[in-house]
Structures are given as C-alpha cells and as structure tokens.
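A short write-up of the structure that comes next.
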Amino acid sequence: MGDLPYYTWEEVQSRIVQIQKEHQICVHKKELSELDVSHRILRFKNYMVAMINKNLLPLQHRMPLLGDSIFYTRGLKYNFQLIFFWGPGCLFQNEWSLKPEYKRAGSRLELAEKLSQRILWIGLANLLLCPLVLVWQILYAFFSYTEVLRREPGSLGARCWSLYGRCYLRHFNELDHQLQARLSRAYKPASKYMNCFLSPLLAVAAKHMGFLAGSVLAVLIALTVYDEDVLAVEHVLSMVTLLGVVVTICRSFIPEEHMVFCPEQLLKVILAHIHYMPDHWQRSAHRAETRSEFAQLFQYKAVFILEELLSPLLTPLVLIFKLRPKSLEIIDFFRNFTVEVVGVGDTCSFAQMDVRQHGNPAWMSAGKTEASVYQQAEDGKTELSLMHFAITNPRWQPPRECSAFLSHLRERVQKDSGGTTPKKSRRSGTAAALLWIVTAV
Amino acid sequence: MGDLPYYTWEEVQSRIVQIQKEHQICVHKKELSELDVSHRILRFKNYMVAMINKNLLPLQHRMPLLGDSIFYTRGLKYNFQLIFFWGPGCLFQNEWSLKPEYKRAGSRLELAEKLSQRILWIGLANLLLCPLVLVWQILYAFFSYTEVLRREPGSLGARCWSLYGRCYLRHFNELDHQLQARLSRAYKPASKYMNCFLSPLLAVAAKHMGFLAGSVLAVLIALTVYDEDVLAVEHVLSMVTLLGVVVTICRSFIPEEHMVFCPEQLLKVILAHIHYMPDHWQRSAHRAETRSEFAQLFQYKAVFILEELLSPLLTPLVLIFKLRPKSLEIIDFFRNFTVEVVGVGDTCSFAQMDVRQHGNPAWMSAGKTEASVYQQAEDGKTELSLMHFAITNPRWQPPRECSAFLSHLRERVQKDSGGTTPKKSRRSGTAAALLWIVTAV
Amino acid sequence: MGDLPYYTWEEVQSRIVQIQKEHQICVHKKELSELDVSHRILRFKNYMVAMINKNLLPLQHRMPLLGDSIFYTRGLKYNFQLIFFWGPGCLFQNEWSLKPEYKRAGSRLELAEKLSQRILWIGLANLLLCPLVLVWQILYAFFSYTEVLRREPGSLGARCWSLYGRCYLRHFNELDHQLQARLSRAYKPASKYMNCFLSPLLAVAAKHMGFLAGSVLAVLIALTVYDEDVLAVEHVLSMVTLLGVVVTICRSFIPEEHMVFCPEQLLKVILAHIHYMPDHWQRSAHRAETRSEFAQLFQYKAVFILEELLSPLLTPLVLIFKLRPKSLEIIDFFRNFTVEVVGVGDTCSFAQMDVRQHGNPAWMSAGKTEASVYQQAEDGKTELSLMHFAITNPRWQPPRECSAFLSHLRERVQKDSGGTTPKKSRRSGTAAALLWIVTAV
C-alpha cells in the first residue's frame, strides 16, 4: 500500500484489466477495455467537456465595458454538477444511469419546465446563501494568499490555467493527471508568450516615468547615505517607499533588454502541448487579439482570485437568467448524446470518440463521418481525443472506423514528414494543426 | 492606429511596396524594392557601418597600461554624425544627397583641409562644453543607476553589447529591430561564455581568502547569536559588513561547482547569432586572448557606464588628434563609395551588397569579385549582409551577380550538409564559418 | 606559463607524447601512449576504483534503523590510501612498484596477517586522534558553512555527488577533470530527478498544515498592519517567526504546481552522462527504491557534512572491525590484479581495460572474454572504460582485442540507429544501456 503512490497509471490500469479477466469484478462483461475504465471514472467530466465544447453552458457573457468575457468559477461548476448529476431531483438516478424519462423524447417540454424550476430554486438558494459564501470566500482568500503575498509579492502577477481553459483544452476520456501533465508542460512557453507582449507605447511612457521616479529616489538615497537623520523628516520614509513602488510598477511594463520576441514559435510550442487552438490564431500570434483570447485560457492568478471572490454574487444571476432559458437544450442534449454501454452504464456519446457519429469533416474525417452539424464536436475534439487516447493507451483496440481513421492519419503524417513540413502544407489550417500536433506528440 | 505596434515589419514593408504600386509615393521610380526601403531608412547607418568595417574611424587606441583598447561612446558617435551628416557645413546637402563638390576628385585636398578645420572647431567646442556635458553625464548616471544599484547590486556585473560591438556586428541594411533580435538571441550564450572563464590561480587564492574571511565572520555571527550586545561593541558591525563584502567578492572569482566548461560549443552558438568573428577565434575559444577580444564586443555594464562618464573628457582629444589626420581618407571614402540610386538618392555603395564590386575572395566570392583590396569589405561583410538580406526578405529580387552567388552558396550548403559537416571541412576558416552561419540560419 | 591554465588537456598530452619522441623523458620506452600517461597519473586511483568496483572495501553497512547505507568519507579514504599506498609499511615500495613479496603467492597468509596488524595499529591511532580530529572537523564545518548558511539557507537542501558516487561512477583511466565535467553535466537533470519525487500523502498533509499555519500568520500580519504595537505583545514576534518557518517547511513538501513529472526521461538523460546504473533501475525510475538508491550517489549536502562530522568516530570502527577481516582478500587482490607495464611500472590490471581478461559477457564481450567471475569487472566497467577512453583519446591505438570489441560495438550502434531505437531493443538491459550511452556520447 505504501508503494501505491509510486505506481504509474498504466500499471494500475493493466492490473484492473487483468483482475477482471480472473475474477470478473464487473459482472456484465467478460473483459474491461481501457476505454471502459476511463468511462467509469470520467462519466460526468466527459459530459461537462462535451457541454462546454457544444457551447451549451452559459459561460461567455457580453459585459458593458470589458467586451466578451468568460466567467467560470469553482462555485458555478459546483452548481452545474449539483443540477445535472448529484443533487436531489437531478438528471441521474444513480451514479451510472440517467433517469429513464430523460431518455424519451415524448415528455421533453415537461422535463425542461421541471429543470427550469429546479434551476430557479437552486439559484434562489444561492442568492440566499450568498452572504455566507461571500464571507467564506473572503476568509479563504485572506487565509490562503496573505502570507504568499507577503513572501513573494510577484506571485499574483504569475499566470495559471483558467477553469474554463482546463475544460476547453481537455480531451474526452483524459484523466486528471494526464491533463495536468499536458498543461504543466505548456506552462513555461505560455508564460513566456504572454510576457513577450508589452505595448511599445506603454513601455516608452513607463521608461520616462520610471526615470523620473528613480531620479527623485536617487536623491533621497544619496541624502540618506550622507546623513541618516533625513529619514526622520516627515514623509521622507513614506515617499521613499512610494517611489520604490512606482519604479517597480514602471519596470514591469518595460520589456527586458535582451528579450527575444518570437511569439509565432512560442505559440507553436504551446499548441504542441495544449492541442486546441482557434484556427484564426495561426499566423497571427503577434496580434494583441490573439493574446487577449489566449488570456481567457491562461489568466492572471490575481484575476482568478478576484473571480472566485465575485463568484457568490454572480453565480445566482448566471443560473437564473442565463442557464434557465437553456433548459430545453440541456434536456435535448442529455437525451441525444447519452448511450448505454454494457458494463459501464450511461455515458456521453461524444466520449465514445466515434468519428462516424461525431466527426468533423474539417478535421480529416471527411468521408468517414455521417454527423450532422448538431452532432459534430467542435474544434476537432472527437478526432483529437481519439488520437490522444490511442496514443496514451497503445494496447487499446479501437472500433473499426476509428482504426481506419487513425491509420489514415498515421499515413498522412508519415507522408508529410517525408515530404514538405506540415507548416508549409496548403491544406486547411485545422488539418495542418492536427498533423502538427500528431508530429509533435 | 492602435494596432500598429502589433504589425510585423514584413507586413509594414509589403504595404509600402503595395502602396507605391498604386499611388507612386516615390515619384522617380515605378516600383520600390525592399532594398530601396532599407536604403532610405539606413542611409547614414550604412555609412557608419562601412566606415567602421574599413577601419576608417579612430576607435582603436594603444593605451599605456591597458594595451589595445577600443573607445566608442554615445558622445563620440554623436560627434561623428554631426561632422559627416547633420551639422552646418557637413558633407551632405540634404537628407538624401552628398554635396556635389564631394563627388569630384579634383578638389579633394582642399576639401580635406576644410573638413580638418571643421573637426578642429567641433573638437574645440567639445572641449569648451566639456564641464557642462560631464556634469550632465554624472547626473544622468546618478539618476539612472543609483536606484538600480540599490535594488540589484549584481546588475553592474552583468554584460551588454558595446556600442562598437553593435556596429561591428551589424549587417549592411539591417534594421535596428533585426540587429537587436540577433544580439538578444546571442546574449545568453555570450554571458555564459564570458562567465565560464575564471582564472584557476585566482580561484585558488579566492577560495582561501574567502575561507579566512568566512571563518572570522562565522565567529562574529556565533557571538552575535549568543549575545546581541556584541554588535554594540565598536567596529564589530562595520567589520561584519566588511567581511561580508570580502566574502562576496571572493565568491565571484570561484567558479560554480557544477559549471560545465565548454567554450568551443558556446562560441559556436554565439557565432550562429552574431555572424561576425575574427578567424583566429576558431579552435581557440578556450584561450584568454579570445575572451578579452570578445570582451570588446560584449563589455561589463560597469565599463559601459564608466566609458560614458569619461566620454566628455576624451571625445575632444580623439576628434582633434586622431580624427583630423584622417580627413583626406574620409573625403576619399565618401567620394569613392557613394553611388546614386534612382528613387533613393546617394547611398553607400557597400550597402548595395554587390559581391562583384565589394566581395572578398576569401569569403567564397572568388572568381566573382573584381574588387581591389581597398574596395573589399572586411570580415566578409558584403557576403554575409547579402545573405542576411536575402534570407530576411525572401521576396526581394537580387541583381544577377548576387543571385548567382547566393545560389552557389546554397548548393555548397546542401552538399556540405549531405556529406561532411562544415566543422570538419578543410576549406579556409572563413568559408567554413560562412557555411556554418548559413546552416545555422 | 601564465597561459598554462588556458591549455586543454589534449594539448598538454600531445606535447608530452611529442617531447618523449624527441628527448625520451621516459627511458624504458621509445614512445609514450596516451594510456601510459593516464596510468602514471591515475595509478592509485585506478586501484581504488577497481577495489570499489569489486566490492572489496567495506563501504556498505547494515544499520539498525537506516537499512543498507553507504559510509565513505574523506577521512576513510585518506586512511585507505595510507594503508595501501603511502604510509610506512604500505604495500608499495615506491610510487611506481609494489613490494616484491606481495607479488608472490607463497607468503600470502603471512602478509595478510601483517596487513591485519597494520590496519589494527592505524585504527587504534585513529581512535586515539579521534577527539582532535573531531574538534578539527567541527571547527572546519563551522568556519566553512556558518556564513553560507546565513547567506543562502537553502544551500544545505541542495545536493552533491557523494564520495562513493564519484568512485562508483568513475571510469578506469578517467582524469579528475573529465569525471568532474561528466558529473557536472549530469548535475542539473539529477537534481530535477530527485526533486520530482514528493510523497503525495505527505504533500496533502503539508498542504493542510501549511494552510493552518498560514491562516494564523495572515491574522497576525493583518493585526500588525492595523496596529504596529501588536508586535510588542509578548511572544507575537517569535510566533510570527515560528509560523513562517512552519510554512516554509510545509511548502518544501508540496510539489510545484506546474512541475512536469517525467522521471523516466530524466534518468535517461542522467545515464547518458554518468554511464553507470544498476540494471533494475530501468523502467522503474518512478519507484521510491530507485530514488533512494540513487540518493546514495547523489546525497544532500547536509548529509555530506553530517557524515564528515561523524567520520572521526566511525572511521576507526570501520577499519578495525570491517577492513581487518578482509586482509587476505586485499593481499590476493593486489597480487592477482597487478601487472608490470614497461615504462609505467606496476598498475592495476583492470586499468588496462582488456576485455579479454576482465570483460563481462553480459556487456557485449561474450565470446571475446576469457575472464572468470572473479576476474570480471562489475557493471561493465571494463567495457565502458574502454569505450570512454577510446572516445576521449581518438589518437590512441588500442590493442587488437579491444579494437575488435570497439569496432563491433560501433557496428551495433550503426545498425541500431538505422533500425529500431535501442530503447525498444529486446536485448538484455545492460547491452541496451551500453548502446544507449554510446549513442548519447
């Protein structure tokens, strides 16, 4: 048992598969595949990833001053899970199966009405508990970050993957530690990428401002060295402190003298790890818009804390005014995209990663997919998830269509690496990106 | 307009070329090439690069104690520009054309006499203004660096590219941001290279010295921990401070325990970015002379500041006693190496990067160049600039001879990378270096 | 002479070889080979490496609580050298030849008895001098580390190659600077490897503990900001200090948020530099045992200092109770594994790196070696040393059998790099490791 932390997931998984063969711990099936294990662990997370992929959850909001901004906090996530998966009156009757009425199309309007009611009540409960939660959040933030702030004040200027980013970038059937490893590998280039953007105008202003503040500071320092009693003069000490802060702030806007500016390459390295990226980022890595869009996935730690603090106030509003109108869509989503897998129970059909059912023609599934636009996963999530799962589980036997897709993909990669590089290929951006990711993996 | 900072130079340049086609903003010519744009922006800088390349400006001085040392400061640079390009009575009649009399060989002695007079007057003006400028420099340094010194005292031990280095390493027609990017990329390996040289004898001495000082310090620290009043004893506190400084200085001479010493590889990486390097550095990267020669390009920040402080005192001397005797050479230089380009005006002929006129046989232009030794650019600057410009402006159509040179170069590179590595080739060092740089690019 | 520090060893060595040809500085031989030079410099070190390789010296001890642990300090090493090589009555009659009686098998029991006596006396001398040495060690540690500890308290948490590690990882005929360079290159990945192991259970505990301490600290900080006099209250200041220490310690057990966990790759990189590694580490880099075994080679600096402090107490015990019973084995070792080389004197036969005499069939010498198990070097040291020496001295002419082995090895590498990667080869782990190292070199 003490060794357990030092086992890799592959070892644990292969033991489960082995034990099933010997003792049949899952009674409905003879053999468990790696996909079955993932399905069981990630049942609800797959649903969340799919809902966010199909843009079903109301996370994007048009704000009066800030423009399009994404709001997704731990509180909101908890409420979503409560409504769909756990709470009393949720859509699931137990941990592994949807309530039967939600599988039938007949009573969809009725069920939507019921769900809408439920969301309203939970929203109101949130509103009621808001002061309590707010105080809790403030205390938690205070206890967590005061000491950090004192020890290393720069840490709030660091960045972290946003909660939305973690969902947007997650593959279907990707375990927590795999996602974490992928994002950790991308962390350094992503930080570098965000830091290499500094407005040249702001830099000039900051340089002059910093020089001014620095000059006054220099004089004060010189005076102090000459005679320590200067510090005793009223306001001198506070002025030194203030000027120091001004200089520090100014310097944070001045790019490092020997910084190398190569956003295009950095974004490429990032893409090789995070795998998902809107098409229009290609060839415009140096634009301010690309940066601000990437900032939604990779936010300031300070912004993260602020959002968490605001969460108790905004969550009830989002639930009542934004989520409720989507009740019918949600009911439809769960009915249309739930399949029962023997030995696993009800799972999200997207998580089957079947290119025939959910493939996107733009992502090299052309000819292989029969999915309508409603059924297609966005951003090539089906294809990329399939590829990722096949790579991380080499012993897994994919179904026939998927095997065909994968071998086709491998051929293309081989041909590409032999001939021209994917970078210069004239194929559509998405397909090129897919090939680039596969090559990088 | 707010987006302008986020445009790449390539985008800006291609728009200028496009607009010329539509509106003919330059009236003398139908189409502007990328080279024309560069010529206009870098007219005077190209002259300066060429003059430094041909060793025309008196920057190298034999000093009584320091040996050969290079002195080139912002003040000196400003004076050079004043004399040649801007000031009243300078060589140029406006921003784009040399005065006609300087283009004729007839009155060269007369003009040289006039220039000599002018340099004398400007030198005397410098001498007169010296106290004022000196005070300004001191104040400027005080205001700029006091605060930095207090915040991070180690920053003066950092290094920076010297002003001379920036000129020596600059290609013809290389824009500021391109040079900056190149030098920034070389900064890290260059710092590493300079730091991996520590005299072993000095290290042994520093180790013993540091141990001694550390021992006494240890005793004082122990006494202080035992009884805080020890600090109140006269001289104890100042002794602790002094010993701390001694230990710090000693430690800076002791190489890091786990440092990897590989100067040869580091210099190779540096060369791949800075492109210019004297031949005799090859295979002697580990020698002290190589290091001290490289230190002229890559000096201590502290030395840079010191030179700037001394500049007001030394500039008039350099002008009057060193530059004046070169008046005739300068007049000849401007007459011989100025060409008029349609739509651009007078530019430095070196900046045309024509291997036929200014190529150096040692740099693979053999057979292609018709240049006399006086006409050849040193260090293969013509060839390397041509290569650099062709690589950074792939859409540029070089003239016939240059195309031939470039395609010949590409063939050689291909053959080399197929067969033996350039490192082991038996060709002359310079040609090998050229190939290595091309391969690295 | 002032240039001497800037010569590479290759230059010095080739000069020695050259001078021998001209002036015959070594009278017994016409030409000195690179191996002869190494033999002369590393005569005793080669013996030590061989004895540690054959596990002759008693370094591994079963401790009551700590399990198998390795104890090898500078004091112990000095005593070993005193007993075998230097002291009065040692095994060598001068710097280059073993006493004749030790080369004859006849009087082995007698000589073992004599050696045993000598070890006893030296052990007793150690015991007698123990207080003095202990005081010296304590003073030395105090003088060396007090100041370091104050300047950078984290430096004791850093790691260093243990004295045992340096012997275990050393090739035969490897000069100090070569070993140092190899270990320095491995230092960074090795530090990373050790740091990426943090017990998940401990991390959870540390997180909670840290949060608790941080909370209390936050309150105290807030109070202080509100009113500075809070600090004057008894115990508040000491509590703030204490809590700060607790938080710091807790944090050192929490893995960095964006750490990438890839022990397998790190160990591969380390192996490429350190060359020696037990077989069972392969494919179990993520296990706790592997880490703790590697920690014997790469110990905490604090542990190193502690061992040095304990050395005076433990050295006499090791000598008297552990080394003495091995007297006969030692006598046999020196008799069996000493050869006289013309122009060099007596050297350790292992250092000849003759795969026929000391090769290990598991390390690709199968068919070429005639060595009995007693004669085989462990861990493929003969093969790896031969390879390393041939690579670092390309001009060296190895004897016939060794050339055959080397060319065979090169063929295998070529075949491997062409076909499958060595990683996936189905050959025995050791051979695969050898190939991997050669490829990496």
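Labels for the chains are A, B and C, by order of writing; each one numbers its residues from 1.
To be clear about the criterion, a residue touches a chain if its C-beta (ideal position, glycine included) is under 8 Å from a C-beta of that chain, and two chains touch if they have at least 3 such contacts.
This structure is a prediction, so every number in the text was calculated from the model and none was measured.
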item: Numbering shared by both copies at the subunit C-subunit B contact, with half separating same from different; value: different
item: Superposition rotation for subunit A onto subunit B, Cα-based, multiple of 5°; value: 120
item: Where subunit B and subunit C are represented by their mean Cα positions, the distance between them in whole Å; value: 46
item: Contacts with two or more other chains, residues of subunit A listed in rising order; value: none
item: Contacting residues of subunit C [partner subunit B, same complex]; value: 3, 5-6, 8, 142-144, 146-148, 150-151, 160, 181, 183-185, 187-188
item: Residue ranges of subunit A touching subunit B (in the complex, touch as defined); value: 199-201, 211, 214-215, 217-218, 221-222, 247, 257-261, 286-288
